[in-house]
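Both complexes below contain chain A, partnered by chain B and then by chain C.
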Partner chain A sequence: MHIAEGMLPAPYAIGYWIGAATFVAAGAKSLAKKSREIPMMKQLTGVMTAGIFLVSLLPIPVPMTGTCSHPGGTPLGAILLGPAITALMSIIALLFQALFFSHGGLTTLGANTLTMGVFGGWIGWALFWGLRRLKFTLFWSGFVAGMIGDIAIYVGTSTQLALAIHGTHPFGEVFLAIFTVFIPTQWPLAILEGIFTGLVLKYIAEHRPDILILLHVLPSSASRAELSERGMTR
Partner chain B sequence: MKKGVWKWLLLLLFLGVIAYLGVHAPSMPGADTHVNAVAEKYAAEVGAGERPPLINTDKGDLLLFMFAVGGAVAGFVIGYTWRDLFGRTKHSGKTSN
Partner chain C sequence: MDLPLWLQKNSPLPTTPSLVASPSSKKKRSNFIQKTLEGVIHFVQESIYSEEIALRPGFLQTMDPRLKFLAIFLLLITVNLLRHLPLLWGLYFGILILAALSKVPSRFLIQRVWLVIPLFTGLMVLPSLFNWVRPGDPLWLLWTFSTPFQIGPLHFPAELSITRQGFEGEVLLISRVGISVTLAVLLTLTTRWNNLLRALRTFFVPKIFIVTLEMTYRYIFVLITLMEDMFFARKSRDAGQSSGAEQRRFVGSSIAHLFGKSLQMSEEVYTSMAARGYTGEIHTLQKFQLRWVDVFSLGVSLMACLTLYAADKVLGG
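What follows is the complex of A and B.
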């Protein structure tokens, strides 16, 4: 979900922009720092940004509800490149979507960056690492992170909209009115995003484990032989 | 069942869903449309509401031009860094992992 142009009253639009700018600045700083450590970091960030742009624009039909919606892609981005950089990737992807497809808007860019890049990214990242510490496999950690991260984006959007436009109505009433419209279409896509996130991580682990080691998703002690023993390489 | 058969079954399932959606021609609007319809009611009460884009790039072939240039630039950049990003093939000499 991208909040459309003009949907937010000016004070909220500005407030969300300031909030997003803080995270984006932190993302730029994190990217500069990681680029010194990992030579391919900027290229990987570019490819991931293109991925987020594509995935969060792709309307997937949900026959049960007769509507379309799209995944977020940011939980995967946060797992691979870090949650701070995800805010930076999100604002770039969302800016192009707003300019070229009128998907979202410039006044609502801050709000949309906060939901996709911060809510989806940080929650997905935290869940992934929480489950990894509990010894969940790469696929299942990615699955839960992708699924819950996707839903978190829509909880974030509903909260932002309800805070900004509830007026004289109770906040909870507006939040529920918006969130209950999202859920029937979004839960199947959240499961799909979970499967996608888990499979992508598994695929990279099998084919390019060096990338996951480089990005600290897998421990540096994980040699190719160890990965092979765990069934993570061919 | 052979492993490869699943790929064809998935392809058939995908085509079947596309055919079903095509024949029954449901409008399939974005969920955003429904959400905006609900949110618009509340937004109007606080003086907000959906507006046309501030910068409208949908003018003639402008978008086509921008996508062609953007695609070419992105293609060259990704091509230049392809082996570092996606690894080397067996035929390209040295392997990276």
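What follows is the complex of A and C.
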């Protein structure tokens, strides 16, 4: 759910652009810093962004509704590369979507980056690490992070839309109306995003645990022993 | 990257009785492999067609990409500031003339924008059309309930109607969205991707951002080949209708495989770049040539924006 070109009043669009630019600048700084530590970080970020962009092209059949949906991937990006870099990845993926498919837009790029890259990324990242500290497995931590991260994106977009169109009507009521309209399609999507995030993390842990260690998603020595015990290393 | 024509069309429906779906499940026949392949084909075709138009000797194609980006961005901001439909549609007429001068087929441009945008945007702001969300003067009364009612914190009046303010707001919004998208499409159709990226560098966009953008663009085409191969192989083996669970399992494993492959590829690309002397800096040989006609075009664009904004203020409302 991206806000289309021209839907936001200019002052809002500019404000969101400034807000997003701050986070994207922080992401660029973080990427530069991490690149010094991990030399392949730029390539990894580029490939992950391309992967996230392409995953958003894969329609997944949604049970019951009879429709197809696709995951966003920013909670996963935040878990793997950090929430700061996710803002940078999001603005790039959204730019491609706006230019190639007219999904979202250039003037609303700031607003969409804030919801997808910042809300979704940071909330997903915080939940993942919170649950990991509570000893949840990689899959379940990823599942909750992905699902709630997706809902956070949806809440953020509903807030932006309600702020833009509420006029003289109370903001809360307009927000609730928009939120309610999209519940039937967004909840199955959020669950799918959770499954997608959890499964991808599980897959990487099983096939390339060294990547998770390199990205500090798993602690180095302890996790190697843990993975070895579970037969997760190659 | 080309798919045979027979693969670009729907699979024939199964004839084996056990595989034929019941009439009630007609809507479930949509094939997700088909949709994905269509998405991939659409993406590749669009990219190739965009490059083809960007190479034509038109007005916008010959303009300096930096000034073109600036001029179109100014127009985009203006579109979002205008509140009067005649001004917006006047500007749209100007954009169509610009497209014709740039050898961009008008029919293609109009179809690409207006067949989808009104529906999508209209649906997103549909609630604001009604008095229950945005109060105003009733234009069409849809329903009258016996009494006003309340659901949780929401209060609803007894009458449900489409308001004049809601309708006008929706038309203005759809117009703005469509015209803004037209401008963005025109920019991408008349500018080669590499030039657009290099133009961004001049607007204080950090180099690391541009490098990531360039890498992402290249990786998209590499990964899309991989995705096409996976779905092509699956479609070649596809006989009959897969169940929902089978489809989800296949998409799930495809996504995981795609990510696994992405990670492996990033490692390989880094190693090969490092072997060729990559130190983190990207150098290009081409340089942009700024011409007076480009500066003049930017000036005209700026004047048009200021005039339209002033006219909008004079018209008030």
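FYI, the second predicted complex is superposed on the first by the 209 of 234 C-alpha atoms of A that agree within 3 Å, B and C clash if a C-alpha of one lies under 4 Å from a C-alpha of the other, contacts with A are read in each partner's own complex, and residues count from 1 in each chain.
What we mean here is this: a contact is a pair of C-beta atoms (placed from the backbone, for glycine too) under 8 Å apart; a residue touches a chain by one contact, two chains touch by 3 or more.
Nothing here was measured: the structure is a model prediction, and the numbers come from that model.
Engineer: Look at where chain B and chain C land on chain A after superposing the complexes, then choose clash or fit.
Structural biologist: clash
Engineer: Looking at the overlay, what does A:200 touch: chain B (first), chain C (second), both, or neither?
Structural biologist: second
Engineer: Looking at A:106 after the superposition, I want to know if it touches chain B, chain C, both of them or none. Which is it: first, second, both, neither?
Structural biologist: both
Engineer: For A:49, is the partner it touches chain B (first), chain C (second), both, or none of the two (neither)?
Structural biologist: second
Engineer: Quick one: chain B or chain C, who's touching more of chain A?
Structural biologist: Looking at chain A, the partner in contact with more of its residues is C.
Engineer: Now for A:7: first (chain B), second (chain C), both, or neither, which partner does it touch?
Structural biologist: both
Engineer: What is the contact status of A:176 with respect to chain B (first) and chain C (second): first, second, both, or neither?
Structural biologist: second
Engineer: After superposition on the shared chain, which partner residues are touched by A:167: those of chain B (first), chain C (second), both, or neither?
Structural biologist: both
Engineer: With both structures aligned on chain A, tell me which stretch of chain C collides with chain B: 261-269, 279-287 or 297-305.
Structural biologist: In the superposition, chain B collides with chain C along 261-269.
Engineer: Which residues of chain A are in contact with chain B in one complex and with chain C in the other?
Structural biologist: In the superposed arrangement, which is not itself an observed complex, chain A uses residues 4-9, 40, 43-44, 46-47, 50, 59, 61, 63, 66, 68, 98-100, 102, 105-107, 161, 165-169, 174, 177-178, 181, 207-208 for both chain B and chain C.
Engineer: Spell out the part of chain A that touches chain B in their complex, as residue ranges.
Structural biologist: Interface residues on the chain A side: 1-2, 4-9, 40, 43-44, 46-47, 50, 59, 61, 63, 65-69, 98-100, 102, 105-107, 161, 164-169, 174, 177-178, 181-182, 185-186, 207-210, 224.
Engineer: Quick one: which bits of chain A touch chain C in the complex? Just the residue numbers, please.
Structural biologist: Contact set of chain A toward chain C: 3-10, 13, 24-25, 28, 31-32, 35, 39-40, 42-51, 53-55, 57-61, 63, 66, 68, 71, 88-89, 92-93, 95-96, 98-100, 102, 105-107, 161, 165-169, 172-174, 176-178, 181, 195-196, 199-200, 203-204, 207-208, 211.
Engineer: What residues on chain B touch chain A, complex-wise?
Structural biologist: 17, 20-21, 26-36, 38-40, 42-43, 45-58, 63, 66-67, 74, 77-78, 81, 84-87, 96-97
Engineer: Please output the residues of chain C touching chain A within their complex, sorted ascending.
Structural biologist: 27-28, 30, 32, 35-36, 39-40, 43, 46-47, 73, 76-77, 79-81, 112-113, 116-117, 120-121, 124-128, 132-135, 152-155, 165, 169, 173, 176-181, 184-185, 188, 206, 208-209, 211-220, 222-224, 227, 244, 247-248, 251-252, 254-256, 258-260, 262-267, 269-270, 273-274, 280
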